[in-house]
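The structures considered in this document are given below.
Look for chain A in each of the two complexes below; its partner is chain B in the first and chain C in the second.
Then we have the complex of A and B:
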């Protein structure tokens, strides 16, 4: 006859035993020797199978589909056996840099490859957070780049002669104008500073909120773009705070307050507001990045849109000459130094920047359009963006974006002071002296 | 022998005095057990960060430059030379004081209104809280559009009424005024709800008695309502001052601190130096100044609070 045996245990005894067991398990799991042994063990004599190789690439939300399409089209995973996970990075450099710095300090990274902009490249490469790429890049890579792209890469993608980023998106502010308005008034598109200034008299109707030109100049890197653009046209770099910068500030001030050409309210606007004003027929011409072309052609502006309303001209030539009429900004790929999948990241990056894949990428989406010889040769010539890039390249109007080694901090100094000057809070001399002193303190 | 016994008795009494009883010890233990989680939590989340921030403020700690040496008071000395910090400090004081005083006044007025008897009072009390419920950063961006010179609703009505164009953010005075007013718009409703709760707790006989004595509406408000809600006003004022000192999102969304540094605040400067430039040492020094301001305001507020003792 089976007997039931009851095993009695007091609550105190149960807690004591459970606690001991938990502590023992925790200690065992954390013991380095045990971990190493477990890692090296080949359980049950099954032959060691190599784990799936993987790599994570972070792109902006606007580029996610393009990247997925490119990877599918080129069959990177099929060729290499490396699984690629496309993850989204944040839109703003501020949030992204916070994320990366925290991760790198902890010896890891949320992704292996990042698609990143100029400001982030400068900051991260100088902080020694990025992997040097020179050893893994194809030897003929730079031969495929236009001279302007090479010059640009030397300044914005390299630090101490080491490459930290290979750019794939290379675009510049475009000179947009209302051809219909210019034709109607019988005036030519301004090609010099003086001609631009004179447009205030032609187009500005302050009472009705119509201005010859407008920009997005709110602080937070918007104003800096314009300061750099105008100073480059004046023949210098705003961060040098030299004569060209002085000339540039005087010119902007006059455009706003003397000639009434540039809407002073630009100082409170971002690019969305600027674009909104243009498509609301309040602006005759403006400097704006290429994304305005997509915005103007979008469904929401279908009724308004006409090619004559978004004509593209060469930017005006300033005292610095035609070579610095505009400057590009770029996005490109780099590898975080503390990446968990370094070898796979190297493979993917060298694959993405190769000539063949660069051309395929452009076919997938214009996010990958740039002035690489192979890319321009294959680009559809009837596209407005390709035509613009070709026009600006052929005319030789593209200069190098003004650089400062501590770019993010330096541009904040420029903006604080220039904004105070343009709103009559500070004299020009005080502005220049204070800017210079603050920038000197950064060294 | 007797003396030895007496000595022993004294010694026992002393021991009895020194060692608490078992029950008392249990109570102490329970006290420590109950208090320690909160104590440890505050230690970890308040004391440690504050002490660490103060220590960082004496170092040139820069994550990107890789420096972290002791520099004494250098960071504090540099504060005075920094254009951004100087501008931020001056506007922070103006912003905090002006928006708190205005917020209290507007809050009291709204509370008085919502305390009156009228049709739709419940609805009015509900919609009153809408501005407070909107996230501050959203309010900041929304007002940037509302005040846009081309499409803004407010400039549109202003032009309709006066025939003048309204461009607020290119003038430092108007920009400052705008930031303060938007802040008041955002936070006064919450103050109103708190004051309303206080007003509803005031016994109605006090008003009846005053009315019988011939007190008019203003006298009833000033001599009955105000003294009785004064502790709430002081408390809310104190909270508002401290909250406003740490305010960052409204300025960030509305003006980004411009034009120039006219509307910049200390919290925005800390964000820039700490999060954008990763200069933790310098950012900590600005935080030190902010901490000092909060401490001074807190002490003044507490002193004021103790002076008001409400009895009905």
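Then we have the complex of A and C:
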């Protein structure tokens, strides 16, 4: 046996030395951190000297370039000396909560400002993770909001009368229809529930897979959108499980099974499939978010696209009256309470929500389009999305999105029971009783 | 007599045919179950979105690289890939070195309570990863290791080490101690014994655990999702949560998600193909004495 080493050590000694070496390696790996920590440490009695001021804002990937352009256009850093880092947040509430909860519990935050949706706002503000913004908002902010946006903000951006988010993206399901088909058949676009129901006879051709209307109603928050939309039109909130919800469920059931107006396969479809069916000439009209307008106009659908195929009308009026024909959902800015750059975050947020910057933001991209008076006044009037927002605002069809304090848990209950009813697995009474009981258990 | 023999031969032949048929049917069912998701992923990754939502289904859409172009456009693909490689290799190497030394100690040194300690090691695996996020966040924050590959590597290595130690202990125990004694008599030091004697004999176990740990690190989403903020430390798995459809949050970009899936599966497949023989030896080697 050749010996390669002249010195001899015991196994115990070897392990001891190996342990020390591993510890040394770990420390070496940490060296930059240790050095940075030492550099940042403040000796007692020495006044804190302000280092470079910075702030980090997280936006979805779809808004990253818009945000960078806005910051450059408005020269926030030049005016304030605060460097802004734009980072990507994840695309769902669940992944974002995973990211934020650990950080906040540890007394810090991955970013200072976050661009976030309704559901996340509810969860984070109720958990006391967000900073109350009332003290830093421009005094004229609420005057610039449309009455519908104010009403909406009170429900979805406030908790215990304190504002935790200022919305900048405000969009609602749109009533899209095939003007070419309606013109061809000589019928008018349906404006009431009864007229919608009657369209099954006009357009549905089951054998060829064509339906008067279709939606993305698969469970996982898609079905809930439609349930909320129809129940709002019926004059209520689905989470109350009251008479309007009962009327809404009966109506949806009849649209599917009695009038053959709404494709029952919608219950297995998401928005991509819904959009795909529309551009495959299988749908005469539908409720869909504005992103369908971009999809229809994309290069992918260049051959298919014509303005008459994606006409926009006012949503149908239900028993609840015109005021709740559709509802918006929103995204907005908020500050995480444990933000490491709190003062800078406050400065940036006040800047972003100011009237002047809100207008500039809309010019940078429609991710920042909303119904603020200043924004709508400056928005390009020849744009389809601006026209739609103006039309819906002027017609007064925008209601407040139905709310539940435990929104995600509640919508799962709603969807599970409603889908059982709509697929003939449960009676209407059982559905309502079970939904009510399960929602009661949540509280 | 001949008729009886023929009868039994026939019975045996039919029985053999049935056995073979059973094996083939099981193989086909298993292959379909395993390969169908892979086919679906490939089909979706190389198709345009319209092909994904068409009815009747398009089973073989015209292939396009458009989704991969979009992916590169939407996320810092090069940085994420580089981070994934550094993170996975770093975690694998760190875990193997630490685990090998620990496993040797557990296998060879008679320390009071070492058996219990080994069980405690194993018990740490029962702790759900998500339950460790808050304390780990505090530790990483304390040492300025948030949003760094070093931090991610340390955290995941600490998670993978217990199981690796457990497996390697069995492998090292399999090597007769007399071999080490013979080496000691010949004047070999401990590092020489570990490097030149034990390592070759336990190589299949090390390779197997190396591959398993690499796959674990490569596919890990929770830690990069929780501890990474900038492209400096985000990995490919995080990009699944960042791709988007159109310029809004409403749609689900399945074709892009599948493109990420394909990108992530390729290195793993190559790694397994290269180390297949060692993995099989490693998986069976520790099981028998």
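Throughout what follows, the second predicted complex is superposed on the first by the 393 of 443 C-alpha atoms of A that agree within 3 Å, B and C clash if a C-alpha of one lies under 4 Å from a C-alpha of the other, contacts with A are read in each partner's own complex, and residues count from 1 in each chain.
The criterion applied here is as follows: contacts are C-beta pairs under 8 Å (C-beta built on N, C-alpha and C of every residue); 3 or more make two chains touch, one makes a residue touch a chain.
Small disclaimer: the values here were computed from a predicted structure and weren't measured.
Student: Touching A:218, do we find chain B (first), chain C (second), both, or neither?
Tutor: Only chain B; A:218 stays clear of chain C.
Student: Looking at the overlay, does A:289 come into contact with chain B only (first), chain C only (second), both, or neither?
Tutor: After superposing on A, A:289 lies in contact with chain C but is clear of chain B.
Student: Give one of first, second, both or neither to describe whether A:436 is in contact with chain B, with chain C, with both, or with none.
Tutor: After superposing on A, A:436 lies clear of both chain B and chain C.
Student: Between chain B (first) and chain C (second), which, if any, makes contact with A:267: first, second, both or neither?
Tutor: In the superposed model, A:267 contacts chain B only, not chain C.
Student: Examine A:107 and indicate which partner it touches, taking first as chain B and second as chain C; both and neither are also allowed.
Tutor: Once the two structures are laid over each other on A, A:107 reaches chain C alone.
Student: Please work out whether A:54 is in contact with chain B alone, chain C alone, both, or neither, and reply first, second, both or neither.
Tutor: neither
Student: May I ask you to name which of chain B and chain C touches more residues of chain A?
Tutor: Larger number of chain A residues touched: C.
Student: For A:276, select first, second, both or neither according to whether it touches chain B, chain C, the two together, or no partner.
Tutor: Touch status of A:276: both partners.
Student: Regarding the shared-chain residue A:417, is it in contact with chain B (first), chain C (second), both, or neither?
Tutor: A:417 sits against chain B, while chain C stays out of touch.
Student: Between chain B (first) and chain C (second), which does A:92 come into contact with in this model arrangement: first, second, both, or neither?
Tutor: After superposing on A, A:92 lies in contact with chain C but is clear of chain B.
Student: Can you list the residues of chain A that touch chain B in one structure and chain C in the other?
Tutor: In chain A, residues 98, 101, 105, 209, 273, 276-277, 280 are touched by chain B and also by chain C.
Student: Across the complex, what residues on chain A touch chain B?
Tutor: So the residues of chain A in touch with chain B come to 94, 97-98, 101, 105, 123, 126-128, 206-207, 209, 218-220, 263-265, 267-269, 273, 276-277, 280, 282, 406, 408-409, 412, 415-417, 419-423, 425-426, 434, 438, 441.
Student: Can you name the residues of chain C that touch chain A in the complex?
Tutor: Touching chain A from chain C are residues 48-50, 52-55, 74-75, 97-98, 101, 104-105, 108-109, 130, 133-134, 136-138, 141, 143-148, 150, 154, 182-183, 185-192, 196, 222, 225-226, 229-230, 238, 241-252, 254.
Student: Could you please specify the touching residues of chain A with respect to chain C in the complex?
Tutor: Chain A residues touching chain C: 1-5, 7-12, 14-15, 18-19, 22, 26, 29-30, 32-34, 36-37, 56, 58, 60-63, 85, 87-88, 90-92, 95, 98-99, 101-103, 105-108, 110-111, 117, 209, 270-273, 275-277, 279-280, 289-291, 294-295, 298, 300-301, 331, 365, 367.
Student: Given the complex with chain A, which residues does chain B contribute to the contact?
Tutor: Per the touch definition, chain B meets chain A at residues 63-64, 66, 78, 81-84, 87, 144-145, 147-151, 165, 167-172, 255-262, 272, 275-278.
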